[in-house]
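Letters A, B, C, D and E mark the chains as written, and numbering starts fresh at 1 in each.
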Amino acid sequence: MAQDDEWSPSSELLRDYQDPGTPPGTLRPAEGETGPSRIVVASYDASAFSITEPTDTAALETLRGDGRVHWIHVIGLADVGLIERLGAIFELHSLALEDVLTLGQRPKTEDYDQAVFCILQHLAYKESGLIKTQLALFLGSDFVLTLQPGGTDLLSPVRERIAKGRARMRQKGACYLTYALLDLLVDAAFPTLEALGDHLDVIEEGILDRPDREDIERLQGARRELLVLRQVLWPQREVMGHLAREDHELIPDDVRIYFRDCYDHAVQALEVSENFREMASGLLDIYLTSLSHRLNDVMKVLTIISTVFMPLSFLAGVYGMNFDRTKRLNMPELGWAYGYVGFWGISILAVAAMIWLFRRRGWL
Amino acid sequence: MAQDDEWSPSSELLRDYQDPGTPPGTLRPAEGETGPSRIVVASYDASAFSITEPTDTAALETLRGDGRVHWIHVIGLADVGLIERLGAIFELHSLALEDVLTLGQRPKTEDYDQAVFCILQHLAYKESGLIKTQLALFLGSDFVLTLQPGGTDLLSPVRERIAKGRARMRQKGACYLTYALLDLLVDAAFPTLEALGDHLDVIEEGILDRPDREDIERLQGARRELLVLRQVLWPQREVMGHLAREDHELIPDDVRIYFRDCYDHAVQALEVSENFREMASGLLDIYLTSLSHRLNDVMKVLTIISTVFMPLSFLAGVYGMNFDRTKRLNMPELGWAYGYVGFWGISILAVAAMIWLFRRRGWL
Amino acid sequence: MAQDDEWSPSSELLRDYQDPGTPPGTLRPAEGETGPSRIVVASYDASAFSITEPTDTAALETLRGDGRVHWIHVIGLADVGLIERLGAIFELHSLALEDVLTLGQRPKTEDYDQAVFCILQHLAYKESGLIKTQLALFLGSDFVLTLQPGGTDLLSPVRERIAKGRARMRQKGACYLTYALLDLLVDAAFPTLEALGDHLDVIEEGILDRPDREDIERLQGARRELLVLRQVLWPQREVMGHLAREDHELIPDDVRIYFRDCYDHAVQALEVSENFREMASGLLDIYLTSLSHRLNDVMKVLTIISTVFMPLSFLAGVYGMNFDRTKRLNMPELGWAYGYVGFWGISILAVAAMIWLFRRRGWL
Amino acid sequence: MAQDDEWSPSSELLRDYQDPGTPPGTLRPAEGETGPSRIVVASYDASAFSITEPTDTAALETLRGDGRVHWIHVIGLADVGLIERLGAIFELHSLALEDVLTLGQRPKTEDYDQAVFCILQHLAYKESGLIKTQLALFLGSDFVLTLQPGGTDLLSPVRERIAKGRARMRQKGACYLTYALLDLLVDAAFPTLEALGDHLDVIEEGILDRPDREDIERLQGARRELLVLRQVLWPQREVMGHLAREDHELIPDDVRIYFRDCYDHAVQALEVSENFREMASGLLDIYLTSLSHRLNDVMKVLTIISTVFMPLSFLAGVYGMNFDRTKRLNMPELGWAYGYVGFWGISILAVAAMIWLFRRRGWL
Amino acid sequence: MAQDDEWSPSSELLRDYQDPGTPPGTLRPAEGETGPSRIVVASYDASAFSITEPTDTAALETLRGDGRVHWIHVIGLADVGLIERLGAIFELHSLALEDVLTLGQRPKTEDYDQAVFCILQHLAYKESGLIKTQLALFLGSDFVLTLQPGGTDLLSPVRERIAKGRARMRQKGACYLTYALLDLLVDAAFPTLEALGDHLDVIEEGILDRPDREDIERLQGARRELLVLRQVLWPQREVMGHLAREDHELIPDDVRIYFRDCYDHAVQALEVSENFREMASGLLDIYLTSLSHRLNDVMKVLTIISTVFMPLSFLAGVYGMNFDRTKRLNMPELGWAYGYVGFWGISILAVAAMIWLFRRRGWL
């Protein structure tokens, strides 16, 4: 069920789910999606390349079987009917279609007989924070079907590479195209990590300089984003490891080696994010020691002031007493010619002594 | 042995157990259960569907073997005789029957020859907190037997789906029904997690706004509920993984793929709960830094007040001394025409200087 | 070597060991054991049951081979000669005998050719705290030999069950008896955990109410007992898992399923104890925040008092000064008719203003 | 994409990466590299040894096949054309070449058909901190190709050993040479760890002596360097384990045993670094307790001063009051002959009593 | 390379290593070793036993092949030539010899064709703290070669057992001797752990009694020793597990069961040390709460003193004011007959009220 539209800290970690008891394969528009979908079809072989944007699925039914690779990219997940027709045309499992429309899922891959199905999350880091966009991919013998929520086309860089006609891309078939797409998604973690690292650097600077309440809230925000990141990067690593390891007739051996490279990148992204988590918890330690230092400093000032002025105030109080001075022993100092000067002398001496003492203890 | 009836923090984690030395398979009424049990039998095949509520087990003895799938759902676990008769009719292992009647167990699955046995915990989140309800399930070749403690029928959504006659449900037999039931239980974790997440969000808001003792108690309560959740979700994931992986003649391959989907959901629920645990421990960090900040603030006020008024009080004390003013050097200031005005001037200057100083150190 | 007799925190974790360099199989009386041993022999088959308490091992030599199951239970581990004779009669490995006499060992199981050997720890919770009692068990083809230190007979409940003649018990042979005994030991963890849980609940109540130094010492004690518990429960789980999984001709398949149930209990006990550990560390967090809160409260009182009385004292000091009032500008307030009333007016106003301010900041 | 040139804490953990969407095998100059590359070729067999420094790759094309081992070492990674020609000559996979030019990667090994490819990081510890230098290695049947960024030749010690003609080195072929090179890189971790350990010792001394803000920043720096170290040492252990375990026709069995030794060193380096991490977090604990101690000390001084002088000031204030002494009960002490002396007597007695009290409580 | 001779905290964790680039198998005297080595040869079979101390290796060359077991124990690792000759006589791998001379290594075992090689660390706890002594062992078909640094002969207890002629020892050959030696080393961990446990108990007592700075330094020292212990005990467990599990023709099955017992001891030692680590970190928690308690106590004293005397001082100040008492409203109290007595009455009442209040809040 869709959550409320309002942002809340916990909603980053649990975005969307099917209501319990919903029959499997029940399709409903993806959360937050509206409007018609856009379909971009790229068909190519070593020699030719064409792009079309059919408005309906009718054109897709006759697409396959001409020896070319067809990449169908769907942008916008509100049109349940479209998804159903695609499922029928490409013989996709209804559970997979349900996953396509449930956003915020953990990356996974599933081997069906006719197709390999993957769910991945595209990561980006904008000013407003971390942005995950779910991308679903079906790899068939001669087609790749990708689906993303409405918005900017995330996969256009790959389409441009095909258009430019780089030889390997054009010759290696649907599986190599899949690799190129997954590689794009996996590598998108790195600029995200870089931005998050910069953000942590800024927080660290703030904390070392003058820690305040906002720093800790920003740090807490960054830690939560690192949690979200881990929620994506851990299973993404498993997905890539699965594709690089498992035998599947749709993944030829000469492409598998590319998936292995992609797996290495996924591992590295995960490691960096784990290390950022350690960095962030180190920042919390620094923050806490900073607070302790400041408390120490404040208390030192208070103690110094009190230690200096309490004895002096006592002395001034003594000489403000009204003992009957006609008695010889009662406050003879008050009658001395240099009594007042002596009082100041003693006061100044005492202050000097204390300052010397504080200095020796390192309090000043 | 049953624990006392009173709620206590530790009783959430250890609810019920058999007394040591009890012979295996000893049946006693489940803890807290009273009154007669309700039996709901749903029998169906692709074309027909019927519901009956027999008052005794006699009707069940002749049930099997007619080619239909029979789902017997028992609500209420106080009637030990009923459980024993069910065990005899469906040839269930006495250890399994004992488990059915011992509430608060960790989810598990056991393969017996005639049946697959599962224990799961249904999760819900009410105002009073997290509620676990144990559900036992036996899957046989043509029957599914489910047992739950008395109260609302947890599984009615599935019965309604069968009644509506969704094609797949009616055709795929007892194992698919088992999947539908387990899926319902696994997915129940998501609204629970959502509610718990909202609860954490409320606590976070409270802590950021003005942390008090109640916040920490509520946080501690939420952490304990997350422990209980983990106690359920970890083994539940294992159960689903076992069903999705192991070969068992009662689980056909085309249903196994549904269990795999269910396993994915179980993994996601577990991950979200683990991340909530990290969030909760992050909240504790924020809480502690908030306390430190407040202590710092209080101490600053004290230090500022002391630093301003201690020197001034000393000065006032000085001019309250009673040195013999007939001596020329003794407190001539007291005789000056502008002495008092000068005293106030110095005082105001001193206060101004200190305020400037505090401002520069960022204390104001 | 035996440790000193005095209790110490670390001795709970390392109770007893053989001196390095002791030849393997060297037998010495178990630590703390004295006096003669008691031997209880229960012999039974489906139809007959007899109990004898032979005073010597002579009677044991002719025991085996009559088709009945013989359970020899030895209470008291001081009589090394007895142990050696038992080893000779039942062909036990000298390493196992050494283990029998070395108390405080981690639970383990070892498959010898003629026998399966297990070491387990019986857990109990008395007022004085957690009590571990080591129990050794040898399972042969037609006998079970159990050995425990002197004291109450831990296994009498099982003997009573045999005496009562429950069918399964009498028919299933030595391995089922072994299961019954291990089940008793494993399940003894639950009342222990319940008592420890109650203890934690009491500590939590104390900490929430008014945390003092004793609470933290009791908490530390409970954490140490949880460590000891884990030291027992982890390997005990492994032992049960091994018995439930491994093929051994002495363990028939229809009994193995009972060991699996026992394994589930061992897992649950371990999980509960791990969760108690988390609860205990959560209590420490609460304790620390309570201390912080109290410090905050104390400091607030100090700051409020100082903030109220320091300015007032200064004012009183001012009007206690002795400036020469013949000069027109010197302290004219002192000569006013309503000077004193005005002083009190200002004082009361100032106090009221500060109370209002503190209230607004939430300090009161 | 290259990061900015400025150093920042997070940049140690994520140094360099390919822009998402870059076609695989796209070569660009390594980050920060400029100028021409230097090529050092060492060719040897049991009897002969020669070193050449060809300025172009032409000389390399005819190198192989003469029964000698050829070690080509390339220093400087700015010349993309050179790398491409090397790839062509030695039939290297384009993904491997891309890895060679992307610095800051995690150590890894990849088995291609014609060659074993390894990426390792050479560690050094200079005054400016930890320095990682990436080294790539290709092992072929009769050649070893190594590539490093510009700067000091990291591998010269091995070349000198070959030149000296140590028998084993000369006879065992390319794989043994690979071992010698990897061993050099793995062992470089030890002096680095030693330097880092010395650094930690210095920090510990500082913290025990007089903890200040700089200590914590240095400690935080050391912890970050230990993170970087772990990022290198974990996968490096995997690389060595892979080489020591996996069957590959290029790695004969008699050399594999050397890789096993190298693996042991890698494990030890990792363990030491993990223990240093624990040491560092222990230092943080000490630091925090030191701060607490100091706060305690400061507060004790304040409390002692206040406790001594507040009652005395009050007493002095009392005898400064102006009650009308013509009334008999009003302040008769002021008229006593020994009033003032008595005041001082009481004061001194009070101070003495307090000092005695503080001493007994251990505050002095 | 050898570290400096001075002790430093980090040097416990990284003691000695070969300089990077050192050719494998390069032998140099072990760090800190000087003087000639002592060789003790014990030769025995079931009927005979002889000990010799040859001064040269010549006598060793003809030793083997007479059907007896030969145990050569070398004390002192400075004589590189001796080690080399031993390597030649017993056909030992040069990598193993290098390991023998590099002290401070992690325990490991390596299967060579002719021999099984083990490195272990003997643990002892003296007043100066934990002492590790490295022991190397080669097991051949009819010989055992052990090597230790100079000092007390660590293995003499085993030699005495052989001399006493315990039957099993004499009959079971070289592998059983190996077991006896390893068992001695593994069991040496227990008295060490006991001593360390006693040390922790003393620290705990100190912390509960009156925590001071020395306690924390001793605690930190104990934690570091536990790290060192773990560095030894983890791999030692692996070594024993390897010997108890792996098939090797030099380890007959009837001895393997002894290694399994030894493995159990290694596991228990490791577990105890891990639990001590938890105990030590629990002590840190207690220490920190003790500090907090003490701060709370100090602050309470300060607050009580301030709260009592500040208002009283203010009151005394009020009656020290000099308002012109010829005006009717100005300080009439000063003229009352019972003014002074009333002042003291109010003061005493106020103090009593505050003490009552503090008592109710539990501050006294």
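What we mean here is this: contacts are C-beta pairs under 8 Å (C-beta built on N, C-alpha and C of every residue); 3 or more make two chains touch, one makes a residue touch a chain.
Bear in mind the structure is a predicted one, so any value in this text is a computation, not a measurement.
> For the sequence-identical pair subunit A and subunit E, what is the superposition rotation angle on Cα atoms, to the nearest 5 degrees?
145
> Between subunit D and subunit E, tell me the centre distance in angstrom, where each centre is the average of that chain's C-alpha atoms.
Here the centre of subunit E sits 25 Å away from the centre of subunit D.
> Mind checking the centre-to-centre distance between subunit B and subunit D? Centres are C-alpha means, answer in whole Å.
Distance between chain centres: 41 Å.
> If a residue has to touch 2 or more other chains to count, which residues of subunit E qualify?
Residue numbers touching two or more other chains: 288, 292, 295, 299, 302, 306, 310, 313, 317, 320-322, 331.
> Is the chain-to-chain touch network here best called a line, a ring, a star, complete, or other?
Shape = ring; chains linked end to end, path closes on itself.
> Beginning the circuit at subunit C and going via subunit E, which chains come one after another?
Counting round from subunit C, the next being subunit E, yields C, E, D, A, B.
> Along subunit C, where are the residues that touch subunit E in the complex?
1, 3, 8-11, 13-14, 17-25, 93, 95, 99, 105-106, 108, 110, 112, 210, 213, 216-217, 220, 223-224, 227, 230-231, 284, 287-288, 291-292, 294-295, 298-299, 301-302, 305-306, 309-310, 312-313, 316-317, 319-322, 331, 333-341, 343
> Quick one: which bits of subunit A touch subunit D in the complex? Just the residue numbers, please.
157-158, 161, 166, 168-169, 179-180, 183-184, 187-188, 190-191, 193-194, 197-198, 200-201, 204, 208, 257-258, 260-261, 264, 267-268, 271-272, 275-276, 278-279, 282, 285-286, 288-290, 292-293, 295-296, 299-300, 302-303, 306-307, 310-311, 313-314, 317-318, 320-324, 327-331, 362-363
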